[in-house]
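One structure follows; several queries about it will come next.
Order of writing sets the chain letters: A, B, C, D, E, F, G, H, I, J, K, L, M and N. Residues in each chain are counted from 1.
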Amino acid sequence: MELGDALVQLGKFIGAGLAMGIGAIGPGVGEGNIGAKAMEAMARQPELIGTLTTRMLLAMAVTESTGLYSLVIAFMILLVG
Amino acid sequence: MELGDALVQLGKFIGAGLAMGIGAIGPGVGEGNIGAKAMEAMARQPELIGTLTTRMLLAMAVTESTGLYSLVIAFMILLVG
Amino acid sequence: MELGDALVQLGKFIGAGLAMGIGAIGPGVGEGNIGAKAMEAMARQPELIGTLTTRMLLAMAVTESTGLYSLVIAFMILLVG
Amino acid sequence: MELGDALVQLGKFIGAGLAMGIGAIGPGVGEGNIGAKAMEAMARQPELIGTLTTRMLLAMAVTESTGLYSLVIAFMILLVG
Amino acid sequence: MELGDALVQLGKFIGAGLAMGIGAIGPGVGEGNIGAKAMEAMARQPELIGTLTTRMLLAMAVTESTGLYSLVIAFMILLVG
Amino acid sequence: MELGDALVQLGKFIGAGLAMGIGAIGPGVGEGNIGAKAMEAMARQPELIGTLTTRMLLAMAVTESTGLYSLVIAFMILLVG
Amino acid sequence: MELGDALVQLGKFIGAGLAMGIGAIGPGVGEGNIGAKAMEAMARQPELIGTLTTRMLLAMAVTESTGLYSLVIAFMILLVG
Amino acid sequence: MELGDALVQLGKFIGAGLAMGIGAIGPGVGEGNIGAKAMEAMARQPELIGTLTTRMLLAMAVTESTGLYSLVIAFMILLVG
Amino acid sequence: MELGDALVQLGKFIGAGLAMGIGAIGPGVGEGNIGAKAMEAMARQPELIGTLTTRMLLAMAVTESTGLYSLVIAFMILLVG
Amino acid sequence: MELGDALVQLGKFIGAGLAMGIGAIGPGVGEGNIGAKAMEAMARQPELIGTLTTRMLLAMAVTESTGLYSLVIAFMILLVG
Amino acid sequence: MELGDALVQLGKFIGAGLAMGIGAIGPGVGEGNIGAKAMEAMARQPELIGTLTTRMLLAMAVTESTGLYSLVIAFMILLVG
Amino acid sequence: MELGDALVQLGKFIGAGLAMGIGAIGPGVGEGNIGAKAMEAMARQPELIGTLTTRMLLAMAVTESTGLYSLVIAFMILLVG
Amino acid sequence: MELGDALVQLGKFIGAGLAMGIGAIGPGVGEGNIGAKAMEAMARQPELIGTLTTRMLLAMAVTESTGLYSLVIAFMILLVG
Amino acid sequence: MELGDALVQLGKFIGAGLAMGIGAIGPGVGEGNIGAKAMEAMARQPELIGTLTTRMLLAMAVTESTGLYSLVIAFMILLVG
């Protein structure tokens, strides 16, 4: 392979790796925080477990969004870009 | 590919990766914080769960904005720039 | 493309990526902090939810400003600079 | 092997390593947080251990998702890209 | 473009990106802290909400100042320098 | 050995080292957190020690997963890639 | 432009960017801390709001000083140096 | 020794060093956390010291696993790879 | 300009930027801490506000000193060195 | 000495230094945590000092293990590798 | 200027900048901590304000010492070295 | 001296410096933690000061071990390697 | 100046700057911690101010020692080495 | 001076600077922690000040050891190595 094309490939792999790797820190820590407090809340209000579970999933889904953006960008860098 | 064009591609992939990867930390941690405290608030005031859910989503939507800016910039770097 | 022009493009993509990526940390964490405390305050004073929501949005809007500056600088680097 | 192909391989290995390595921090810390609070909640409400276990696994499964995205991207970088 | 001019442009974009990107961390976190405590204070003293809102905005305006300096320096680097 | 092949080997070793090294931080800290809180919970509810031990192991097993992904990726980088 | 002059310009832009960018972290976080505690103090002693506001501004003005030094150095690097 | 072989050796040593060095942070901190809380638990429930000691060792053994993976990868990099 | 002189200028700008930028973190955070605790103290002892204000300014003045040293060194690097 | 052999030696020294240096952080902090809590536990239950001392040493011995792995890897890099 | 002399100057400016910049973090944060606790102590024991002020200045003077060492080293690097 | 031998020496000095420098962080912080809690424990149980002192020294001796390993590795890098 | 001598000078300035700059963080933060707690202790036991002041200075003097070592090493690097 | 000898000197200065600079962080922070808690303990048990002072110095002496190792290694790098 030519040096030019090789550099493009190298940049593609490093870029996608950084996008997904670093991009997984925020949602991972955030969702862990939500889940941890939900456990606590469920133990304090056992009759609300059903409602709290759906709210926890709702909150996690929104927090997941930046992780999904990272996935999308990493895919685009690998396949399209 | 020529070396010049290759460097442009390489910069494009690394730049987009950094923009989205690092840009996902803040909103991820922030929304996790909002969601965690919302779980706690719901367990303390069960009759307010409906109102608190909409407020939580409102707060998360605003916090999400910088994550969306990162997505926009990453797209622009990849497709337009 | 010539090497000179290529370096300019490379700098443009990395610069815009850093500006928006790092620039999203502060507002993301800050707004998450505001939203989290607002959830807590609403659960403590349910009759103030309307007032607290507008104040929360006001506080978030000011905090968002440095995120917007980053967006502006990233756009300028990509399109004008 | 030619220098060009070698650089592509080198980028592939470093990129996949970074994607999975850094991508394991967030979910690891987050799930640990969920599990820790679940232990606490179970000790406070022993009669809820069954329900809390399933909720804990549910919360962990969502948090795991960004770790799985990292795995997917690392695989793609290694095998497909 | 000549290599010399290209390096100047490259430095311009990276410099402006760093100035605004890193410069947005401090004010973002600081204003978030002010806003969070203001939410708490409003819930404790509802009759002071009007006064506290103006004080919160005043405190945020001063904190915003270093963010504005970063914006000014980033503009100067991009347009004048 | 040729320079090209050498660079591939070098990338392989550094990549696998980073993948496993950094990838061990998250699960290590997370499982430590789970175990610490489980000790606390067992001392508070001695009659639940059997149940809490199995739950602790369950929670740790899930948290371990991203560590295992890192191991898998490191192996693939070393042996297959 | 000659390579020598280009390197001077490049150093000028990176130097000014680092001076103002990093220099905005300290005052931003510090003033945010002052403002946050002032909100709390005002809610505890409403009759002192006027006095506390002037003290808060006084404390912030002193804290702002290192941010201003950074601005001065960044200007000197850009225009005079 | 040829430059190519030398680079392979260099990568081998740095890679193994990073894998084991960074890989020792997580389990070290995590097991310290487990042990610290176990000390606390033993002082609170002296009659459970035997049971708590085995549980502590069990929890530490699982946490140790990512440290062992790092050891395995470091060995493979040094001897096999 | 000659390459030698250019490198001197480049070092001058980067050095002064680092000296002032990093040097503003400590005093900024420290003075913010002093100011924050002074707000708290004033709200607890309103009759001491005059005395506490002068003490706060005294403590801040001493803390400012390392910020001033950074300013002096940055000036010396830019103008004299 | 030939350049190739020299690079191997250089990599050996840096690799061993990193393995042992970074590898000493985790066990050091972890064992310090165990010891600190053991002091606290001994002061609360003086009649258990003998038992707690052996448990503390047991917990520290397990935590030390990753430090020993680092020592082993550093030795292997220096002497065998 | 010759390249050799230029490198010496460059090293001089970067070295002095790092010495003073990083060297200002410790004393700044430390003195801020002393001052903050002194504010608190003064509000609790108003009759001791005179004595506490001199002790605070004494403690700050000792803490300042490492900042002064940094200043001395930075001067020596710039003027003598 | 030949370039090859020089690189070996350079690697030796940097490697030993990193091994001992970074390797001193963990034991230093850990032993400080043990000592701090021992002070607290002695003030709470004055009649146990003798026993607590020997336990504190025992705990510190074990924590010191990774610091000693770093010393050994640094010596080996400097003298033997 | 010759390139060789220039590199020695450059290394001398950077090395001394790092030794003193980074070496000032630990003692600065540590002494600030001692001083802060001493302020608190003096406000709680006013009759012990004399004794506590000498103990505070004693504790600070020992903590200062690593700062002095850094000064000594920086001097040796600049003047003797 | 020859390039080879110059590189050895450069490595010597940077290595010694890093060894002592980074090596001063741990003991500085650790001893500060011991001293701070000793202040607190003395204010709580004034009749134990003599005993606590000797214990504090004993604990600090052990913590100082890694700082001394760093000094020894830095000296060896500068004078012997």
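In this text, contacts are C-beta pairs under 8 Å (C-beta built on N, C-alpha and C of every residue); 3 or more make two chains touch, one makes a residue touch a chain.
Here the structure is a predicted model, which is why all the values come from computation and not from measurement.
Using the contact threshold fixed earlier, the set of chains in contact with both chain D and chain N is empty.
For the pair chain E and chain F, the distance between C-alpha centroids works out to 39 Å. Counting partners per residue, chain K has 2-3, 5-7, 10-12, 14-18, 20-23, 25-34, 36-38, 40, 42, 56, 60, 67, 70, 74 as the residues that reach two or more other chains.
Chain contacts here close into one cycle, and each chain has exactly two touching partners. Remark: ring traversal beginning at chain M, heading first to chain N, gives the chain order M, N, L, J, H, F, D, A, B, C, E, G, I, K. Chain G contributes residues 2-8, 10-12, 14-23, 25-34, 36-38, 40-42, 44-45, 48, 51-52, 55-56, 58-60, 62-63, 65-67, 69-70, 72-74, 76-77, 80-81 to its touches with chain I in the complex.
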